[in-house]
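Could you have a look at this structure, given as structure tokens, before my questions?
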């Protein structure tokens, strides 16, 4: 077979491990040839690529980022996109494309597969919002890095009797915030899935602090939104908090907590620290197994499939199902743990 | 309810997180009272315990070890053991005991439950050899720590064109060795599940090195055994390698590789580094969820149950099934990956 | 002797190691008694304290924060402050106070010593701005944590051809920014010591990127200031950037870079992550040696002295000299390295 | 100028940072040309080298190992070694060689410099045994890695009331053992500089444990030697412990402690984990500054000089003085701290 592989969307730890696994399984397991398209779907559209073999992939297993580069280019938002993708596939005589991406990249992959293009998919995103799989590549590393950072915030919060607000990635879903908050013992977690009321947050913090705990960590997903009318930050009176325009929700929450509760509040914004750097062992193994399974799916001509983790097994699911909607944190899960452990 | 909790067997990262979760769920969720028995089943036999509440558990979430201590004491190997356990349960009016342990501790728990004692179980062991659950508490942390250490070995192996043998824990099963070897890009992994032939290992290393890679990492589980007759280490001629008597299989393998292949070989023995220290975020969340679920099982009077991870869900399984036999690495899994990724 | 010990100012990694060393040297080395004042000078003013001995200090060596708490209370800004400090010293019959702090705490300590109070000082601050010592407790840990975070930013910057702006602590001096920038390979470092011109920064980034490097890390100390007139952020026209009022210099720099250069820019604000958590080995040893030396100075009745690191030796210097002015990054050091290594 | 650079002896973290600094200072600062000899002095003898420039050195700053490879080849132990070195220098028209190494590599460098070859030296070794400089490249990283590992051993020692023996590198000197032991709170440190008496160690441990501390960490440098007659390990009766022949001093110490004191003892051997992997921020900065200073020394034609850290300054010292004898841990330093902090 001749295979193409690409990485699209936001980068995350484990992409290189997945690329390496695709190449090794293809070359050693099947004697296939592999090319890597550069910068996601853009590389397919523009036919920019590099040949990949086992030697080229040596040493990349523990490296963050992606040797192929990435972009958010979407073939369906480009003139003649589908035709150009098809032309590239034919020009190279590709039997399959392994698309490694999150909801954007895989959404395009799904539509291309529906049009008959030979695509298999590997889910990756630190946000963990792709459906039909227990987790995506990169998510576990992001949680570990956030947990380690929040651990460090605890001692300084305690030394100064302070509230520290830690903003983490998660524009649309709160998986990182919830998991890191749970793992690191946060007092409050604010998620995009559930608009928050900063007064209720302050009441909760005050309750904690009157019980003798003077330090609290508040984890805020970057996409968390105040309930209309509850976050009053002059001169920015907002009915509906506009994330894109205002940014820095963590800073706003800290300011408001300080104003309303009287507790000193400080803010930390972990930002891209969560998506770079070496992957955890968990993500390296997951990426490796996903890469193997994707090549097997290609050889089974199981196009339109996405590889997925279910328990300890790697399965295949219909890609179309996986990208149907964002996988968000279910309300019962959030409420179940938050009553007990986020205080 | 009145609950007792204990931690038994080898310690591992995440025990304190599990204790904390049991206490918080019991106290905050149900208004239960909790006591913690000291040093595993020994504390129940000797009725040594400390009262536990939310305040006592503050700050322990990220701490390795166990605030309750641990031991390998088995009530069935002690005179009147069962009677003494029963007496303690009655003396305190306990409605349930939450036993956190590996195969030894849970084996005893299972037999006690069969005798009618109100026991629910939480599986923990860095070795990951308890059945009926995707993973046990502590395993993921051990893999992460081993992966990070092996990452460091790579650069020094490469700088000196050397073989470095890294011995990791795993007396009976090779889950840590296999996973850390995969995650960190080892050339060879030797497991207890499959006796190894050191000549075959040397041939493999020679093949690699003639292809231009001069550095190799060999991960050896401490319980890995040579195929009879294949590891000839004068003056210790062994038909069957006797782990208990000889110890240090890593050193033997390194010596033999150096003698047979001529490659310089060095050894590292990670030992207890893998079982101490702060748990990974993954293990903290797992331990927290297991602790919650165990208290719920107690309230459902689902005695004889063990909580278990299946995918993203926490389930209950019969404890008797879980301890029936050690969960070892299946041959197909080992062979499947080793052909592609352990070279 | 009877000794008092306190920690004041912002907390930092290594304070507990210093407290432990003071206590062990005093108790084991001299059979002294030690009390710990709570929350810096406030504890002396209000006579709130806890007795300290070797047992109480067990396990605190690797812990961040301070078991004594801290505050910025200054006896000279409180009514009858000096009298109250004197009264507490007399009430307890203290032979010496060991003051562990940065410029604020030690400034007060210096004035109190000048008035005849028996004070010896230990310099700590992540900012490294205390004079007459090679480094202060906490600084090295902060640099290590920042370096590790910036390492993670590199791969994501490279995958996306982006500029990532990383704001680190340092309101008045740029030691952390310069050292972390050097250690982690930043393209640009902006310090409080030298007002910056964002257009020059953009020109430099453009030059780099035209040479084929598409990713750049810009490290910004929180107190870095634009040269008047150079950072034009509507609607916030500032002649002189007002850090206290505007905050978030990192975000402003990122916005401006994106606007002027056209490169995508993202921001990360490490904040208090740099001052919390476990100290590096270096800081634990430094804090331990400082603690020993401070007790020796007390026994030599060398009041008004500060312990200091000079090369591999621990010396004593006049505290008054050490707090005379902030130790800032010398212009020649910054310019010398920045031409070669910050690109 | 035309410069050659080489790395010799055992590898350590920071070598690549030093190479990068040499190349950048030479190319950007002076418009020099640089070649890198492969595998230490062997590359000079055999004239195997690669051209080095800023582009080639991109990305290596955080990488462990050395892109040039290393060896222990000594020109003075090879036929016509000096002539061959001279011939290579002349063939390339080299104005200077920057030799990065420890006592072996720099010993040869010193003799070659005495013969008139244009050599400047940079000290590196995790062992920190080169004289005339506060520290060498690699030492600080090794201490940090060992400290982190020993931190993990504490919790497991405490959970099981055990003695854990941790063997660290250091064949001739105990700098790593002493520093990591201090930083991580070991109960005992055994160094090559002072033969130990295992009975005295056991008495000390017993004293500790009767005072209620049941867990102890014993750090042993690999070159630590028992006092003659004190370590009686049948069937290995040794008058003088023979490190080369017996190896594994950590295991012997653990066995003996268990036999003599009755405490359970376990062993961990960190081995090459200490010398591989990413350098600490401290070592990256030190290596960078050393690299700059070495090129400056070459341009000053200050041959026979070694760059050195003295406090916060980089100085030059006569290489001949630096390699005169191994820098070992002074007795007073060891005894001073060990009475207070290693228990």
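Before moving on, here are some points about what is shown:
Residue numbering begins at 1 within each chain, and the chains themselves are lettered A, B, C and D in the order written.
Just so we're on the same page, a residue touches a chain if its C-beta (ideal position, glycine included) is under 8 Å from a C-beta of that chain, and two chains touch if they have at least 3 such contacts.
Only a predicted model underlies this, so the values are computations on that prediction, with no experimental measurement involved.
The chain with its Cα centroid farthest from the Cα centroid of subunit D is A. A separation of 34 Å divides the Cα centre of subunit A from that of subunit C. For the pair subunit B and subunit C, the distance between C-alpha centroids works out to 41 Å.
Rounded to whole angstrom units, the spacing between the C-alpha centres of subunit C and subunit D is 30.
Multi-chain contact residues of subunit D, defined as those touching 2 or more other chains: 151.
Two chains count as a pair here when they touch; such pairs are A-B, A-C, B-D, C-D.
Contact residues on subunit D toward subunit C in their complex (touch as defined above): 21, 24-25, 28-29, 58, 61-62, 134-135, 140, 143-144, 146-148, 151, 179-180, 182-185, 213, 278, 280-282, 284-285, 288, 292, 309-312, 337, 339-341.
Taken together, the subunit A residues at the contact with subunit C in this complex read 10-11, 13, 15, 63-66, 69-71, 145, 149, 151-161, 164, 247-248, 251, 266-277.
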